[in-house]
Amino acid sequence: MHELVRRLYPLCRSITGDGVRRTLEIVGESIPLDVSEVPTGTEVLDWIVPKEWNIRDAYIKDVATGRRVVDFNESNLHVVGYSVPVPPTVLSLAELRGRLHTLPDQPDLIPYRTSYYKETWGFCLRHETLAGLPEGDYEVMIDSTLADGHLTYAEHVVPGRTDREVLVSCHVCHPSLANDNLAGIAVAVSLALRLKDPYHTYRFVFAPGTIGSITWLARNRERAAGKIAHGLVLACAGDRGSLTYKRSRRGEAEIDRAAAHVLRASGREHTVLPFSPYGYDERQYCSPGFNLPVGCMTRSTYAGYPEYHTSGDDPDFVSAEAMSDTLETCWEVFQVLERNRRYANLSPYGEPQLGRRGLYGSLGGRSDTQRLQVAMLWVLNQSDGVSPDCALLDIAEKSGLPFDAVAEAARALAEAGLLKEIR
Amino acid sequence: MHELVRRLYPLCRSITGDGVRRTLEIVGESIPLDVSEVPTGTEVLDWIVPKEWNIRDAYIKDVATGRRVVDFNESNLHVVGYSVPVPPTVLSLAELRGRLHTLPDQPDLIPYRTSYYKETWGFCLRHETLAGLPEGDYEVMIDSTLADGHLTYAEHVVPGRTDREVLVSCHVCHPSLANDNLAGIAVAVSLALRLKDPYHTYRFVFAPGTIGSITWLARNRERAAGKIAHGLVLACAGDRGSLTYKRSRRGEAEIDRAAAHVLRASGREHTVLPFSPYGYDERQYCSPGFNLPVGCMTRSTYAGYPEYHTSGDDPDFVSAEAMSDTLETCWEVFQVLERNRRYANLSPYGEPQLGRRGLYGSLGGRSDTQRLQVAMLWVLNQSDGVSPDCALLDIAEKSGLPFDAVAEAARALAEAGLLKEIR
Amino acid sequence: MHELVRRLYPLCRSITGDGVRRTLEIVGESIPLDVSEVPTGTEVLDWIVPKEWNIRDAYIKDVATGRRVVDFNESNLHVVGYSVPVPPTVLSLAELRGRLHTLPDQPDLIPYRTSYYKETWGFCLRHETLAGLPEGDYEVMIDSTLADGHLTYAEHVVPGRTDREVLVSCHVCHPSLANDNLAGIAVAVSLALRLKDPYHTYRFVFAPGTIGSITWLARNRERAAGKIAHGLVLACAGDRGSLTYKRSRRGEAEIDRAAAHVLRASGREHTVLPFSPYGYDERQYCSPGFNLPVGCMTRSTYAGYPEYHTSGDDPDFVSAEAMSDTLETCWEVFQVLERNRRYANLSPYGEPQLGRRGLYGSLGGRSDTQRLQVAMLWVLNQSDGVSPDCALLDIAEKSGLPFDAVAEAARALAEAGLLKEIR
């Protein structure tokens, strides 16, 4: 995963353009992608697909020395995203200042700025660079194109035994920022590779933030309304912070409870946040018209670390261990979704005699009861076939047992003919 | 407000009589009052309007010295409320003792006692006064009248754009006690004066405790059943304790949630209590037959301070700052009631593009999101037009934002055509 | 109660056999019992009544010395319950080891072990005894019978004014273990003796654990479905730990709330546990097909003390004070069940005038309100005759008043014609 992050890192992505296309090509080397190109001007929900932006070069040159003091080739963060073309133009430092964005409190970092919907241009630079610039004339140039074109997004689908879908969504619009969201892309690719003959159909969407998910939703209204059973926005998947799950707008959707269960059962530090309508593309999936059961898995939260949206979010900021931990946690959440079922106890009057069926230790009187036997008693007791809250995840939560133990108990009991799945 | 308290303080109020009439005359100088006189013997709910009580003088005189050792002119608390007339009568101190009420634990304070429904008489005095009385003969006299007459209460109405009413109720039956309830009366008058063209109709009821609110309810059964949308009993509004809101019997009525929100958002020490069926006139408004959404705002609670129902509750016990704080808090609660509405997001699929409408900062990527923008996202996300709990107050509570910010966001969004009010 | 424990202690009980019969005979000296004998092979729910087991003698004899190193006559725990007959047989210590059960961590205690449903034999002994045995030959003998016979259980019924029943269930299958469950039997006997003309019908079931309650349920399906209104499994009633109530599967059944209320109102240390499907016979009563409102009252919890299922659970382990405390607590719980009713306030508009009816102190203004008067206000205020949660126990919980005060207030109000019971 870390290799993929390093390979994608230099590309200059934005909400449209060749950076996104090249990113999807590289992802497509690992998992087959279905790429969509949506023309500029297309109406998507309340929005309109904007012009396509591409950039080749940009700089601020000290006229006195001829030296590039700010150079797009050094970091694509140096140019405000969607900057309009600027032919070589000489300006005094005073004239230029209004176009320059820095972080006075983090003077050694380049900020990340964009202006998608208001045509303008500007540069981002280290505050210490700006502080060192002598007064005088500077030549600025931005070799960009902002013209009719397309918005690009891609999907990868792992078909399941049911057409009920698990949506995994990653934004692919950030330029050289590693945690936000190359780590999320890398974890999504690994999840896709690991899925083999799943119960649910898994749909991975790689799309630019906001306008991309809005475009996808506009073109998948029926799927959204009828097929998406669970969903996860994956972002900030690689920093060294502990895991954070932000609930869907529904708050107690199955994905919400599965994620909270897996995190709690891990015994490790973690955070489960209520829904809020800012953050990543869960904003769109959880807009009230759609209200999809889509949560958001991150490590540190949206805008929750000093390196957020700065050049400090580089490949060294993310760790292979952290990405692997995010991957395993998402995998466990998926395993809960895959195996969570409701059953009816076919012998609900009194406990069935488990010993006769080889499911119970024969020597009574011992004070240590095995976890699997306890799990069987819980499953039998709760699976009344009537209560709405008697699925295996409910039983895991009530009993305090890990989902795995409960699911294993259910499997054993079903094999012994004591349980019947309820659809 | 403090001036009004000082002016009303010397009057000898009771549940009937000229003290109440004079009090209402003085209040009527600030706000026009509609005064009702209800004859003795009138059946009101389960009660009967009692005889009217008036008193002119009363004393205990040391026969040996001719000195008044207890004098009604010094404090009207000295006589048990509703004491029957007693012609000048000489009794030994031993004979008199059963008629004397003191506070042994607060020897320098005169207690407040009444006997409305059992005809008797008595005196209240400082325990230290009693301790200093030599054995011997004492002359007692009470120049009172207890006869058919009227119970007096008054109303002040500020008409609103709707006939749904906010009831503000103050008891006016306590003699020289400042916090209980002259401060409440003073705050109610100031609230009434401040209301200009409100949305709700505001009804201020100044009535004797218990029998007064029962009388008002008996004569306003239809209004109680159909018009009272919210209500507040105002008492103990001027002591130096922090604010206390006691919920209505409903517990989660809009007034309850508004008051709890305002107090919480204030960031200051405060208490929110569950309903209990003792205290002030909320006992009557929240009786199960009426079950009105009427809470009670006080500073220190009912019977919750050492000076309660003693001569220690004098004008120095209340402060102008405390009354002003109570006033502002009630005002803010009213502002929540005035502005709390449900809306439907007219663009519920995805977020509407706020930037295009001038409602969103155009430069993306910044990690500081403005509070108003966050409030707009919350309002849009929650206003699904369907959920019962999507009024602005619900949104303020879910988001943790102050109600003001949420209401301001809703105003901006409605102006931009993105929200429609739901009736 | 302690005398009964000491008298029952030496008997060798099991899930069938003469030990149970003799136990029931002794209990029957205090309260009349209706004894049932159910033949081996009878199908009971998912189970089959097993063969009857009786034992007369058993030992392990050191061949070298002729001394019984393990002797059934010293403690009936020495033989694994339901051990098949073993004629005198000489085995080396090495051959014998697989048949020997000890507690290495509690070397001075004999464990309690059974093998009801797998025919085998074995001995239980102190680990220190085993450690002291020289290598060599040992003669083992078990003079037991395992043959067709009967399972025995008994019932004692105290008829009430209604045929709705309170079930009290004790297991009677453990041999020489005092807390588990001779103390439970002793407390049940005392409860039965104390009941005089109760409102509910009280049914005491003395049956072997698991198979006994299953047998009772199999033979009382209609009663279980229609008559059992409340129930309590009584076990571990005499140890020195604080009281524990484990809720029924329903969680908020009236018995659950009554027990939690009584324990909380006691002001003493106690534990209220959620339901879990392991423990005593609540496992069967709360199986999903029956789902009876049956909780479990113990002191220390099931398997929750070091002496559990060892020879350490002897008559000195239980105390008369603890059994008396369990008895009084169960009694108070029953008193709540007996008196918990819903009422309608017949004067629901405003407070009724209690003073006129002699129910209220006549001298107003005092800051101390009597508890009974407060309880009357609570009962009047909450008894709207409509809310599902306006029974006296609900009112006790909401008000924080003890149930007794609330019930006494309701009695006084009903006598005054202010309340009507709702059926």
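Letters A, B and C name the chains as they come in the text, with residue numbers starting at 1 for each one.
The definition used in the following text is that contacts are C-beta pairs under 8 Å (C-beta built on N, C-alpha and C of every residue); 3 or more make two chains touch, one makes a residue touch a chain.
According to UniProt, the chain labels map to these proteins: A, B, C = Peptidase M28.
The shown structure was predicted, so the numbers you read here are calculated from the model rather than taken from an experiment.
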Fitting subunit B (Peptidase M28) to subunit C (Peptidase M28) on CA atoms, where both chains share a sequence, rotation angle to nearest 5 degrees: 120
Interface numbering overlap (same over half, different under half) for subunit A (Peptidase M28) and subunit C (Peptidase M28): different
Rounded Å distance between subunit A (Peptidase M28) and subunit C (Peptidase M28), as computed from the means of their C-alpha atoms: 53
Residues of subunit B (Peptidase M28) touching at least two other chains: none
In the complex, subunit A (Peptidase M28) residues that touch subunit C (Peptidase M28): 345, 347-353, 355-356, 362-367, 369, 374, 377-378, 380-385, 398-399
Residue numbers on subunit C (Peptidase M28) that touch subunit A (Peptidase M28), as the complex places them: 45-47, 80-81, 111-118, 210, 213-214, 217-218, 221, 249, 274, 276-278, 283-284, 286-291, 303, 308-309
